[in-house]
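Below, each structure is written out as structure tokens.
Next, two complexes with chain A in common: one pairs it with chain B, the other with chain C.
Right after this comes the complex of A and B.
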């Protein structure tokens, strides 16, 4: 096992009864690295993401996180309180639909502040200041701090969700189709924002998407999945420019050109 | 003896002492003991159908019934008053089924069942205060899933509770929550003090009396043992404040007891009186003594 890795999953398998969710998947992520997971619908991308985040229990395999104090934790072995603590401090999860990741009936400031309060912040002024700073970072007008996310546009909601997740400075962020369901110009804006934040803060990320343009822009390395199996893995440009597996070739060639 | 008089004689014996049968009382006492051992923890219990609807204090009545002994002196209050419908009917219920002595004086009572208030007179050791609780789960309106809230309690994940207070300040400039103000019991479980005004919250802290909470419809019992630390949640820069209307009682003149606002005329004239009727009477007596 390498010593400087941030996150490692080895031989993860998840079955839904007789059906395969994902099978024998291994991956590792170095600090500050962005990993893309691509594949068609039903290929097991989201299952894999939920497994390695700790949301779904895996049937086989181990998941390791090299935490802030350089201790290597095995997700499949640690207690639930510990796992939940890690999920809200070291890790973060951005859902495809901001409604799943936000509290829609709580103001934008409260949404950003929740993770802070969950790890023990008890000073209202401070929490509010941090929330305002983060709104600025994700390009939402600070005057909207007391508005509910339900009054925001889809793109703003997604940016708010990103702010809410990054506020506690996680070291690894999981994103499930972060730009799915948004129109192209808003997508571009969010991708740009994500790229800047990830680079600036040195956060590692795992991005699940079916959009190859998204991984081209953000990811350092990608893995390609089909039917729950990893069929190709490598550097992003290498896989996209010179796909070896016939499914990867199909995937790359089916991107529409303008 | 004819049929009629037989039934009359049976009137008391139709019911077991304090209405519930002994096995049920045992079940409730077991839940109460567990609740006292884990302050603030909501213990499930198998709540019984009572001869009155949910929302009339069936949880409190079951707890009272399980605690009553023949030499108890019972006081029942509703919003602080001894003479409101809920208080009168519950008091009558126990007079009839347990034949216990009743009182309106807080200091004389050994068991006090209450709805929405803690008496102004300081409680003593060997007194039991039984609260009627509509919703025992302080996180209910923030997180509707019971499976999730139980987990949150178990892991002390109370960030969400603070989000509610945050929202209050963001919206109103201060913590607007005025009743059922969440507390942390013994530094561990966040607890719903039942809908008492937050003015009463400090009285829960370090109280010499036993505090028992019964929620009948929700089938939960929880408790605060005597001399337990009970802290109202707050922010460093927005500390907890016990609030009351800034007036004097128009009957006894007291300015330190919790007041009810009543509208006394058609053109909206207002008057304020003590919500604790027993305290108000005591103060009036003291005042007239002074005048003498």
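Right after this comes the complex of A and C.
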């Protein structure tokens, strides 16, 4: 195994009874890289994402993380509490629907602060200050710090979810359709935000999306899935501009030109 | 040096009656440091395709593209990304950027990617935008709202802000007025003197004659 890798999943399979969730999928990510996972609904993108994050138990395969202390952890071998700790410190997960990733009945500041407390922060003033800085970073007016996310618009909620996830400085962030369900002007803002954060903080990301324009702007490499299998993988612009597989060609040629 | 060896490209279109399109066969030429090679030939002879093969955006069907000692066909996506970041520049005809990002941020991006300090990057971006006659009041606006010629100049600014030793230019002067065309030709001339190896497509014959050291006609190969 290479020394500088951050994350590696090898031969991941997940079955739902007779049905294939995903089959024999391997991928690896270096620090600071953005990997896109594309494919139509039901192709296994979200299943794969949840498997490699450790949310879903895999039926076959191994998942390795080179953690902050340079120890290589195998998700399928470590204890449940250890995995939860890793998920909160080294990793992060941004849901398509911000309601799944936020606590709607506590304040915006509380949503960010909670993550800090979970990794050991105790100084209230300091936590509030960090939360305020992050609200600013994701362009939410700091005066809204004590408001509940239920009073926010969808785009603001999504940005809050991103702040909540990034405050602990994860090294790898998993995103499931992070801009799905948002109107296009808000999408653009979130794309810009993600790109800058990824570059400034050197965070690596895995992004699941069915929006090819989004992956083109964000991803270095992509994998294309169909029926739970990876049918093509490679350089982002190469797969989009000169797809080699029949299904990838169909996917790319089906996009409406604006 | 860029070396093209027995290069073949065909497209297999599975969803369009399995059509196989042969673009070209057995292309051979090399471009040395300080040379500008102009690709010529009618539309459809594969000039842009050739640039995309060199850049790694298209898959090579047969043959090799060597950039210095790097073989594009045998390179991993990571190797190609590294090459693009540091050594291989590409000015396309189309501007693809995140919507709502200001022009100045679009232009400094290639420098930030290689770890350049933001202050220095901004200074260089201002210089090149001024040189390309992009009015200062547009720098903080997204280039997606600009005219075709302005968008093209933003693309050129991105391509020339870093001194790439290898540079691919797809119609860099196509929609520019004479004055801006000359600015771009000067930039190319300067890159040439700096020792860059450049391959370009120039439909404008006077522009081509001005900067090209050699022509490669794809129809005669």
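Definition applied: the second predicted complex is superposed on the first by the 258 of 258 C-alpha atoms of A that agree within 3 Å, B and C clash if a C-alpha of one lies under 4 Å from a C-alpha of the other, contacts with A are read in each partner's own complex, and residues count from 1 in each chain.
Simple rule for what comes next: a contact is a pair of C-beta atoms (placed from the backbone, for glycine too) under 8 Å apart; a residue touches a chain by one contact, two chains touch by 3 or more.
Not measured: the values here are computed from a predicted model.
Judged by the touch definition given at the top, the superposed model places A:109 against chain B, while chain C stays out of reach.
After overlaying the two complexes on the shared chain, residue contacts for A:80 are found with chain B alone; chain C is out of touch.
By the touch criterion defined above, A:177 reaches neither chain B nor chain C.
Using the contact criterion defined above for the overlaid structures, shared-chain residue A:90 touches neither chain B nor chain C, since it reaches no partner. When the two structures are aligned on the shared chain, A:127 is found in touch with chain B, with no touch to chain C.
In the superposed model, A:232 makes contact with neither chain B nor chain C.
When both complexes are overlaid on chain A, the residue A:119 reaches chain B alone and has no touch with chain C. Shared-chain residue A:146: touches chain B; no touch with chain C.
Residues 11, 13-15, 52, 56-59, 77-78, 80-81, 96-101, 112-113 of chain C are the ones that touch chain A when the two sit in their complex.
For chain A in complex with chain C, the touching residues are 30, 33, 184-185, 188-189, 191-192, 195, 199, 216-217, 220-221, 234-235, 237-238, 241-242, 244-246, 249-250, 253. If you check the complex, the residues on chain A that touch chain B are 80-81, 84, 103, 106-107, 109-110, 113-119, 122-125, 127-128, 145-146. Taken in their complex, chain B has these residues touching chain A: 151, 154-155, 157-160, 162-163, 166-167, 169-171, 235-238.
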